[in-house]
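In the two complexes below, subunit A is the common chain; its partner is subunit B in one and subunit C in the other.
Then we have the complex of A and B:
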């Protein structure tokens, strides 16, 4: 009946969702008037488990919060423990951390682009972006031994070095990626069909994005120049990062931010490879962490926050993780009302949701 | 090392302090709850220009926590999460999942509490064979 409301459970199993998330959508005809998320399908209790494991074992645990940004989870955790234990990481390790972080950002953004393209039926863009992503996975395997969870970050530095020969391979990989991006970019930026689906879809204002605590590309697509790399953790003190911003506040602007960030990541990798100093890659960390600290890192989806509380024993008293998708859930609830049901997958994918992260 | 920029608040003064943060254009970041035995150590994290500011609240077990979601809407998700994981009653949530944000009816009670997942272990043992049956 026209004008009547109906409630549609969107997910948890849905063709466009790579992970289980349910949105309870209140619809008037085809228009969404209200959305409420329901999560908890894959909650793993990682924060509780972290209290049972030794603080050194937790590195492997936090890497498994999310496969896509696993290195950055380890980095945020290790940085926090290093602050508590007053450990100064060698310069070479700081640069290696940046190289692996940016490789993670690249493969995360390419993964996202494939999923977004799939959400509006652009299968060839999906395949092209995932094909390009393979090159990043291959170089991660070559440099770290693993394609997804690379386990190179340790307290006090990194576990593995990258040889000069492999550094040259890293540069070749980002060259290939840049050439691929030159093909992908005009499609995302200018293609009529893509713009029809993305421009104006899921728009929020800069004020809304700020008030709702959005982070990462969701915030930057609203003109909020905020990127935690600006604060200079790891080697970002030497390798300056300027936040990539757009002003549209819609799915198109979020796509543009991520595409442009891939170019930025390529530049950062090149700079890091060029400027990386010789020297040690780790220093020993002795004792146990005591006190409390907050460590922050800019992941591909936005800022992750680790609260770590140690009591001087090998077990932590508390480990709390606020992941970027959790922060971007409230903005998502504001993007959905007013949209057509057919655009719900596009809007959800436009925030690059990670349910693994959300349900630590 | 202790947490920098941290101000202690009480349940009575919480909303006033949080409203002050909103007026000063702080962004809500998240909350952290820790079970410290006789009560809960609850931290509210806010950010402005990459500077974190924290409010620290001690809540006795059994006491009710006022929700800040009417001031910072974004807080409703983490407040519902804390309600589930620590079984803390939170009043005036703008959207209250009634303790079912993450947990189902047969899930452990207060799984992040000090006692941990005791009920989950009980459930698992219910179907396990008795020692003498093995």
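Then we have the complex of A and C:
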């Protein structure tokens, strides 16, 4: 019967979702009129567990909030504790943190590109971007000892140094990536079929994006020039970052932002390798954290906020994490109504959802 | 059309990107954290590693002397190797093999 509504559960298990999220889609024929999210499938109680572990052990715990931007979680946490304990991180460590952060951003965006391509059936782009991503994974393992969860950030600095030879390898990797991106970029930017699926899909206005509190590439694709790296944490004081913005506000603009950010990350890695000073990589941190602090870091998906409250013992009183995907959930629910059912996967993937982050 | 032809020829001539694991294995990177190894000749069974392990994967007792690692709990973070006062623990870059290989 035309005009009657039906509800389709999209997820928790769905081929395009890397992680479980359920969207109950209220449909009128093939058109989505409302989307109701149901989360909680990968809730692991990390915030509670963090109160039971020592604050030094928590670094390894918060890294496991997200399997993609793990280093940035550790970075946000360590920066918070360092603020509480008045620790000044050595310069070399700040640069190393930037190098690993940007490598993480690169592999995260490549992973996202593959998933987005997969969501509209462009399997060869999916394969190619994941193949390029392997180069980053390898350099991460060579420099840090792990492919994704690299566990190099500690309170007071980093655990590992990158030697001269490995720095050369890092540069070689970003050169290879740049070469690959030169092939991938025109496909995403100009290909007729890709544009058919992305342009105008899931559009929100700049006001909506601002009012709903969107962060990261979702906000920047609406022309909101906000990137937390501008505030100059770690070595971003010396390495200037200008937010990459687009004005379309649709899935195409979000894709463009992320592709351009990959070039930006490659530049940042090159600058950091060129300018990195010699010296210590960590200072000892003595005592226990006391007081409360908010620490913020720009992750590939946007800004993460850590609230840390210490009471002078080795256990924290409270750890609260607001992850970027959680902030982008409300914009997502605004993008969905009015779209065709076939476009739902593209819209969902265009915000680069990380459900493990959202639910912790 | 020309670029398509170029891609086709490239793809035919190129080696595959994948490896035929487990027949062909990539050597691990030197600094890779593959698995934990303990040298019993230097260990004093002080138990520091067990107290600090974030995953509670280690159990150490002084009397009788024992040091046990639960491989399924270990998250291979390498914190025990950093913290051991005798430097008895090291990270071997070789990854454990999946069961049956």
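As a convention for this text, the second predicted complex is superposed on the first by the 360 of 360 C-alpha atoms of A that agree within 3 Å, B and C clash if a C-alpha of one lies under 4 Å from a C-alpha of the other, contacts with A are read in each partner's own complex, and residues count from 1 in each chain.
Here is the rule we go by: contacts are C-beta pairs under 8 Å (C-beta built on N, C-alpha and C of every residue); 3 or more make two chains touch, one makes a residue touch a chain.
All values derive from a computational prediction rather than experimental measurement.
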Touched partner set for A:8, first subunit B, second subunit C, both or neither = neither
Ask   = So, does A:131 touch the first partner subunit B, the second partner subunit C, both, or neither?
value = second
Inquiry  = By the touch definition at the top of the document, which applies to A:47: first (subunit B), second (subunit C), both, or neither?
reply    = first
Ask   = Is A:212 touching the first partner subunit B, the second partner subunit C, both, or neither of them?
value = first
Request  = Return first, second, both or neither, reflecting whether A:143 touches subunit B, subunit C, both chains, or no partner chain.
outcome  = second
Message = Touch test for A:159: subunit B only (first), subunit C only (second), both, or neither?
response = second
Request  = Please indicate which partner A:342 is in contact with in the superposed arrangement: first for subunit B, second for subunit C, both, or neither.
outcome  = neither
Request  = Could you let me know whether more residues of subunit A are touched by subunit B or by subunit C?
outcome  = B
Shared subunit A surface residues [contacts with subunit B and with subunit C] = none
Remark   = Per the touch rule, the subunit C residues reaching subunit A in their complex are 17, 29-33, 52, 54-55, 75-79, 82, 91
Task = Provide the residue numbers of subunit A that touch subunit C in the complex, in ascending order.
result = 53-54, 56-58, 60-61, 64, 131, 134, 138, 141-146, 149, 151, 159-160
Note = Residue positions on subunit A within touch of subunit B in the complex are 36-37, 39-40, 43, 45, 47-48, 83-84, 210-213, 226, 228, 230-231, 290-294, 305, 307, 309, 317-318, 320, 322, 326-327, 329-330, 359
Inquiry  = Which stretch or stretches of subunit B touch subunit A in the complex?
reply    = 1-3, 27-30, 32, 34, 43, 45, 50, 52, 72-74, 76-78, 95, 101-104, 111-112, 116-117
